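Each chain carries a letter (A, B, C and D) given by its place in the written order, and its residues are counted from 1.
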Amino acid sequence: MKIAVVGGGSTYTPELVKGLMEINDCVKIENVTFLDVKEAEEKFNVVFEFVKRMVKDKFKIEKTFDPKVAFDGADYIVFQFRPGMLSARINDEEIPLKYGLIGQETTGIGGFSAALRAFPLIEKYIELVEKYSKAFVINFTNPSGHITEFVLNYLKFDRFVGLCNIPINLLKNLSELIGCKIEDLFVKYYGLNHLTFLEKIFAKNEDVTQKIFQLLKMHLANVPGDFPADLIEILELYPSPYLRYYLFEKEMVEKLKKEGTRAKKVEKIEKDLLKLYESSDSIPQQLMLRGGSMYSTAAANLIKDLATNAGTIHIVNTKNNGAVTNIPNDYVLEIPCYVKANRVFPVSLGEADEFAVGLIHIVKMYERLTIEAYLYRSRKKALKALLLHPLGPGWQEAPKILDDILKANEKFIDLS
Amino acid sequence: MKIAVVGGGSTYTPELVKGLMEINDCVKIENVTFLDVKEAEEKFNVVFEFVKRMVKDKFKIEKTFDPKVAFDGADYIVFQFRPGMLSARINDEEIPLKYGLIGQETTGIGGFSAALRAFPLIEKYIELVEKYSKAFVINFTNPSGHITEFVLNYLKFDRFVGLCNIPINLLKNLSELIGCKIEDLFVKYYGLNHLTFLEKIFAKNEDVTQKIFQLLKMHLANVPGDFPADLIEILELYPSPYLRYYLFEKEMVEKLKKEGTRAKKVEKIEKDLLKLYESSDSIPQQLMLRGGSMYSTAAANLIKDLATNAGTIHIVNTKNNGAVTNIPNDYVLEIPCYVKANRVFPVSLGEADEFAVGLIHIVKMYERLTIEAYLYRSRKKALKALLLHPLGPGWQEAPKILDDILKANEKFIDLS
Amino acid sequence: MKIAVVGGGSTYTPELVKGLMEINDCVKIENVTFLDVKEAEEKFNVVFEFVKRMVKDKFKIEKTFDPKVAFDGADYIVFQFRPGMLSARINDEEIPLKYGLIGQETTGIGGFSAALRAFPLIEKYIELVEKYSKAFVINFTNPSGHITEFVLNYLKFDRFVGLCNIPINLLKNLSELIGCKIEDLFVKYYGLNHLTFLEKIFAKNEDVTQKIFQLLKMHLANVPGDFPADLIEILELYPSPYLRYYLFEKEMVEKLKKEGTRAKKVEKIEKDLLKLYESSDSIPQQLMLRGGSMYSTAAANLIKDLATNAGTIHIVNTKNNGAVTNIPNDYVLEIPCYVKANRVFPVSLGEADEFAVGLIHIVKMYERLTIEAYLYRSRKKALKALLLHPLGPGWQEAPKILDDILKANEKFIDLS
Amino acid sequence: MKIAVVGGGSTYTPELVKGLMEINDCVKIENVTFLDVKEAEEKFNVVFEFVKRMVKDKFKIEKTFDPKVAFDGADYIVFQFRPGMLSARINDEEIPLKYGLIGQETTGIGGFSAALRAFPLIEKYIELVEKYSKAFVINFTNPSGHITEFVLNYLKFDRFVGLCNIPINLLKNLSELIGCKIEDLFVKYYGLNHLTFLEKIFAKNEDVTQKIFQLLKMHLANVPGDFPADLIEILELYPSPYLRYYLFEKEMVEKLKKEGTRAKKVEKIEKDLLKLYESSDSIPQQLMLRGGSMYSTAAANLIKDLATNAGTIHIVNTKNNGAVTNIPNDYVLEIPCYVKANRVFPVSLGEADEFAVGLIHIVKMYERLTIEAYLYRSRKKALKALLLHPLGPGWQEAPKILDDILKANEKFIDLS
């Protein structure tokens, strides 16, 4: 089996490789090819050399700047690249803040510019995937759910699943709180990536929702702070930590302004990490600070279960397909799916909660308007998307903020 | 035919009566009975005496404080009462402003308190309507769409339609701009009451949308200001003027703060009007300032077409029932309906625009949470509703603002 | 306004023209062009000369064998041609009878061969309509509903409506029984063309269903016999007379065998009619025997209401679009529609009855399989369609009967 | 854990017990209580004594005629009783044959009378289950899917799943043909119990549908004969063997007439079996002739996976809930479900084939009419159901055949 990794120079790569080594007994990996871009050559080399020391001769690894070489004959392709690099992310986070709006990698206006930057690259890569392989794509590039909406519903390429490392962390968290194995859990969990809702938790035969809701705490590197206990009680849902950007909008804007953007911090962490990579043989502790914890477990196990026939449940981004009965079939959602035979089957969850339904719809419509803004290269649609987003600007600021975003990203996005 | 009018002391009553006199040839009205509450007796008398002078002996009119007397044997019942009177509306508008939020009779947090005040009264009246009559109810009480959602989907009483005077004004506006008769128009128009979207205008066989969008201006007494021309171009929709509360939230809050609440102004206008009513025989010009323009035409023609068999189109609030294919069948929407035989059949409109869909869903879910807050007397659900509304508070203010609202309305609302 | 008529040599043409003369005041017809095929030249001439004497100089009439000439600049186009002429219909009716199955122009296996013959011609004509005009097409060619399914859902041409003369006869019938005007009626009526169900009748404000169901009798030239009164009582529906082919299958087969096919009788009637046409100046009484009664009223009024702006209800074949809530939106159904501005808006009818739903689904799936058999030129799909139809053959006879049909229609249909 | 078995005197009981013994390690069974009726006491005793010798002291077994005793505190309840005993089944099969119609235990008119006989008993038992336990019910009583429709959609009792032994036999069959384990298979399989369709077969990552369709043969004791190879090719589906009753209706009626009813044969087999049971200590080979092969595996594994947390796929009868996107959510279907924590989650399958959709709808509507006939004790609805069924009578025979059925079952069914 051949696996290609787009964005091979990522500091997550060693962790991913560790995961692949663990599933290797089961799936027989022959070749892992890493793809990155010329401008990141130096970093790419550091990471690759480190990985080489890790893998030894377990399987063959290669590195390339040519997508054809990477994709040719691949069975699985992992997208984990960052369109525009960290420097672009800095803009994503800083521009909205100037207008008193949330600037975040995936949420609100920051996610909007990240998405517009990602779409052309994703479109190009998907074309090449189709041309050179029969591969199934696992996407980790952010905004992961938005990109999956784009690929499944607009590019109509269906060997594609969107992954996030939060669900697996949530399940781990739950299993520790309850004192059971992850396999013993079933969660009624649904929503858009980073806008998800945990409604029910079943441990073995028992509904433990009430008990656990009071104990659960999810901390994410990307979302400072915490949910007040009474908020969870009111919602009767445990939402993604990212919902704090909606419910504490003003406070979060203040915090972001004060503490500086996450992108800047990541830049620092990354520099340190790379230094460690140069000399290490195993993954340094510091990687945990990066925020992608358990990504490797999620990705490697997903590949394993797609490739073999285990038939286990993964929480991934895919078309609803009936799983949530009061959400249209074609919405890409983050939901529990039965994974088998390179196919992903959402399992039925019944009705979603009204609070969740309201937010899912408005943000999904924002997602689609943004995608159409890209596809039609339409400034109008882009403005319409911004005006609709619950964290977006009003009419007075919308055109200005869009101009700033387009200017800062002119190498990537061109609307007219 | 007997007609009952709940809120008979309204200053709109003379206009409604004028409308009834105009349809009288066609539908043979025998009796119109006005119902109001004791505390408004004085005003009620003034209005009633005025109406008496207008009607002469065209049909019998009566006044009562007893719903049984009013509803008994009625064929049509008009709800045009104001739960809590104008003084309560003043609170609705002022409390949110204290928190920097939109306070408006139907939109945002003002509409929320108005709705919570209305539900118990509506529930009681609907019970009595069912007990004493086979009547069809035409609702004008605000928030009109929210109340229709409550009656059709929760009380399951179906001889009920929600009316607003904006659609008929819009059609009149359009017919004047185009130079055609209202009957020559067909509009693709949909949404929630006061959150509607005009997407297409057909005049006779022709699609005149583009031409007319540039000319159209809707001015409402309740919504200061105007839409910038390029906003309409971007949306490719002509929205309800109330959408300005969403897209110009900050500016509108400033304006409201500066100009004082609408409720206060209405109080003044009303006083003047009542004085005029004492002495007039015909409707004074000043009524136009009240903001319910053409209400009488809308209501009287609707009664006529329900009662006779004309089979014309009215834009009313009723269950979607398939008309907008990408909105669930059971959502109460404001849409064009074919009216006949005391029944209201929405006509198919195809798909709604994504921008509209996003807002319709989130506000509908807010509506339902608010209704459930009333039905379960649940403070939790009320907070959940507030947190979801795009014009609502964040978590920090939500409990405080709810407390203020509950305190100011303690005679009407009791949640625990 | 220019109107083109495909199948101008039809003996219905004079009636259609009479209808057009009646609406002429309202819609200003300038030109009516008749199109037919060379092989029918003689008949075409007789009909055209007769029509000429009728029309005088009310509007210009032309005749042609060239679709381009007919369609060029047309505003409305009427399809009333018979693919394969009456001789092909004889086969449609006789082949199934050999196997003890219903042979009928539109129902069962006869309708199947008629449809396969019609599709290529319809496809060609629709291409030409698109090329040479902006016209709206009114289809009367049988099987009318099946053809509308083909055009709207597969050819994706949407200025098209399927017409049948039965609904208008039903309404006339009802209005006479009740003693009211057709405009005073509203019917809950739905289904596939010739497989329709009348569930409710409202006359003015009153539900008269129970009263009228006991009195109603529909006699069609194409369907011998009658419904027993208790059958209607059991179904709680008044179905299309064609349902007798389903519920009295054996008896109807016997009857058809004994009485000879309808096609043969039509041939005789037609000959007589043409003789009369040669000498008449006005429509002879004998046309009534033909079975298309009130076709002209239906077609001409539909054109009038599409062209002008009256906004009245017509029962036509179009996409459900939400009107019947428990039937998918995209099924072409025969339902009441509000007609205006060259558009056709189904009006909401609520849920269909379970008996009707069962039959509608199975026959719709048969329709689609048949259409796909044509589009993919697939003998397999054709067999699958035959096996599914409730009046179709079992596995033993299916291949034989399909061979007979393909052989008899080899000039029109070629599957492999 | 306590398990109750309704119809404990069934000759399948030993096999079921064998299954329970196999899962005992995993689920810890404490008590199995068998319930049957007085009139079957003798047979019940034979079976119970045999089972006693099998179980030894693995777990406690009891027998009773009192549902309270059986259900009290039960965790799982298995319904495997035969309403009306075999003698009633004889009527089910013979009455339709007199009219030239299919008489079969579950299919066509035989299934109709069996269902009407089952509903009152099922309704009574479900009431008692609710009263005395929190148990989950596994239903094997025929018609199993029809009964599940009744319980889930009409009785609104949701701890209920309908089981059939055909799916597990199909999977075993497939795994042997392919040479893989059952767990390595995933099938796109859907429909109504005994009217199912296998559309796709995935073995590990591979789509083996084409290859396997040509090799697959399903033989059922209840359905003589075989599918011709070209039929499968035409349908592009492998249907339930019971579809032969639809596609070979005439031939099957002949066969049934000639060979005598299945019920009579079962009577004979059963007598022999009971004799063997009297003396055996282990399950005799002859049980295979009974037709319920692998029932024990299906039922015991289902209980195990409901009780433990394995999270495996079972094909069972439950509400569609979005799994098949072009079938309504509420239809009870036989589909692959992810089973965990006493809950059953259908997995998404996408769209069903048109041929299947047509049949599923018409038979589901028949099922619902039949259920309503029982609930309203309505002879009219019963006739409507019969008239709709594709294997049902025409109008001439329908009332007669219904009278015969009601007469033969007067102890069980009373319609008016």
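We take it that a contact is a pair of C-beta atoms (placed from the backbone, for glycine too) under 8 Å apart; a residue touches a chain by one contact, two chains touch by 3 or more.
These numbers come from a predicted model, not from an experiment.
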| item | value |
| --- | --- |
| Between chain B and its twin chain D, rotation from the CA superposition, multiple of 5 degrees | 180 |
| Chain at maximum distance from chain C, centres defined as averaged CA atoms | A |
| Centre distance in Å when chain A and chain C are each reduced to the mean of their C-alpha atoms | 55 |
| Chain centre separation in whole Å, for chain D relative to chain A (CA means) | 45 |
| Arrangement of touching chains [line / ring / star / complete / other] | ring |
| Set of all touching chain pairs, with the criterion as stated earlier | A-B, A-D, B-C, C-D |
| Chain B - residues contacting chain C, complex | 183-184, 186, 202-206, 306-309, 311-313, 320-325, 329, 338, 340-343, 345-350 |
| Chain B-touching residues of chain A, taken from the complex the two chains share | 228, 231, 233-236, 247-251, 326, 328, 354-355, 357-359, 361-366, 368-369, 380, 383-384, 387-388, 390, 394-396 |
